[in-house]
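Following this message is one structure expressed as structure tokens.
Naming follows writing order (A, B, C and D), and every chain is counted from residue 1.
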Amino acid sequence: MESKSFPGVVDSLDELRAYVGELSQKAGLAKKATYSLKLAIDEIATNIILYGYEKVGLVADFKVLSEITDQELIVILEDEAAAFDPLAREIPDEEDLTMALEDREIGGLGIFLTIKGVDDFSYEYVDGKNRNTFVMNVIKP
Amino acid sequence: MAFKIETVIEEQTARMTLHGELDSLSARVFMTEIEKLSGQPIEVLVLDMEDLDFMSSAGLRVLIFSKQKIGTHLAIYIVKPQELIVDTLEKTGLHHSVTIVDQYPV
Amino acid sequence: MESKSFPGVVDSLDELRAYVGELSQKAGLAKKATYSLKLAIDEIATNIILYGYEKVGLVADFKVLSEITDQELIVILEDEAAAFDPLAREIPDEEDLTMALEDREIGGLGIFLTIKGVDDFSYEYVDGKNRNTFVMNVIKP
Amino acid sequence: MAFKIETVIEEQTARMTLHGELDSLSARVFMTEIEKLSGQPIEVLVLDMEDLDFMSSAGLRVLIFSKQKIGTHLAIYIVKPQELIVDTLEKTGLHHSVTIVDQYPV
């Protein structure tokens, strides 16, 4: 497992996406898969920073753990905030997503894009830490 | 990559050119530009996205806000968005509420 | 209608509660009703500030409009943020609320306390503004 | 009214005395105090609330966080909370997870 820490502030997102880009390249992910993974990780990291840390006044880092195998790239975001399971909420359904822009509630799109964008997404709370795990399949040529 | 935005208002059309990456940090800059238009008689919002390389849900949120703020009559044109950004618009159903074009005026 | 503006920052909450206290006194609300109203308004104002403004980088005031009649005290919070209807979300149910502290998701308590604490709560989006309306019955001695 | 908090740690008991009003601004101070305990071998958290006049859901959130952070074995005692604060604890079901007492040690 490779591991890298980032300060829990929105300014870190740029560097985080760049780092996910490097991991994806090492793992041999295609351009589209790389983008989807960047998006998914950006969304969850944004939530950790805004809701988990800033909103409640916690000052802490978050970690990116990663592993590249023959078949997949596994990335884990680990944070110190209160327990929050992104999969426990209802995500928007078909009907919500076809509603006119002006009538819609603005929430829930981040987690929706995360789940739709990766090959596998899972959550666990271990040792006082949230772990959000993202898996992308690597298609070998 | 650093986000940049330029706004030009001509008659009832506001045209914004977006560069770089639009995440929850840079969306604040975009939000502020949109907020400035509220109360003005804008009918058309043209967003030039050819040089925009990334857009998270924070960007979508600003699109939704634009329509609420400027008025539901507002027509939003998105010019030359990159393929992966079109993907995001489609997945979230936002392509029903904006018009994706290759140039504007069409 | 009386009207007062507050800067959209968490530092305003203290003064906001004090102002709600004054209105309640003028209207002749009992101590318990005054506290519930303060709590309800603090919760919704907090959400406006954190989610409606700070999270997305909007810098704006919010307004408190109020009216005292023979039967009731009506208070309206008016803000400039994106449309958000607190009543559109699911609020926690009985079962959620008896779950052990350590197993629970932390969200949703604010809106729950608001709805439970006032005699009437309603929401509308008018002229590009969110209006959250709180009504407390005044019991005349 | 201004929020204040004092913490005294003795053996495996952390005792915090809360004064004033606990809203989403002051909850940040409370949160930071709790965060400092994480990793320490604390078994009992005593919260003296006699002088606490207001507590919003932001305060409840810190209670939930305490248990997650310090460990589920943690016993939380709330000493002399005002009636309206007890109301909030009961409405939200948090009274199942803390012990409300008139003094501590009981």
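General remarks:
One rule holds for everything that comes next: a residue touches a chain if its C-beta (ideal position, glycine included) is under 8 Å from a C-beta of that chain, and two chains touch if they have at least 3 such contacts.
Nothing here was measured: the structure is a model prediction, and the numbers come from that model.
Minimum number of contact steps separating chain B from chain D: 2.
Averaging C-alpha coordinates per chain places the centre of chain B 32 Å away from that of chain C. Between the CA-based centres of chain C and chain D the separation comes to 24 Å, rounded to the whole angstrom. Counting partner chains per residue, chain B has residues 24, 58, 61, 64-65, 68 touching two or more of them.
For chain A, residues touching at least two other chains, in rising order: 50, 55, 82-83, 106.
Contact topology of the protein chains: irregular, matching none of line, ring, star or complete. By the definition of touch given earlier, these chain pairs are in contact: A-B, A-C, A-D, B-C, C-D.
On the chain D side of its complex with chain C, the touching residues are 1, 21, 23-25, 54, 56-58, 60-61, 63-65, 67-68, 72, 84, 88, 91-94, 96-98.
Looking at the complex, you find that chain D touches chain A at residues 24, 27-29, 31-32, 35, 38, 58, 61-62, 64-65, 68-69, 71. Chain contact summary for the complex, chain C toward chain A: residues 50, 55, 82-85, 88, 90, 105-107.
Of all residues in chain A, those touching chain B in their complex are 10-11, 13-14, 17, 31-32, 35-36, 38-39, 42-43, 46, 50, 96-102, 104, 106, 109-110, 112-113, 116. In the complex of the two chains, the chain C residues touching chain B come out as 55-60, 82-83, 125, 128.
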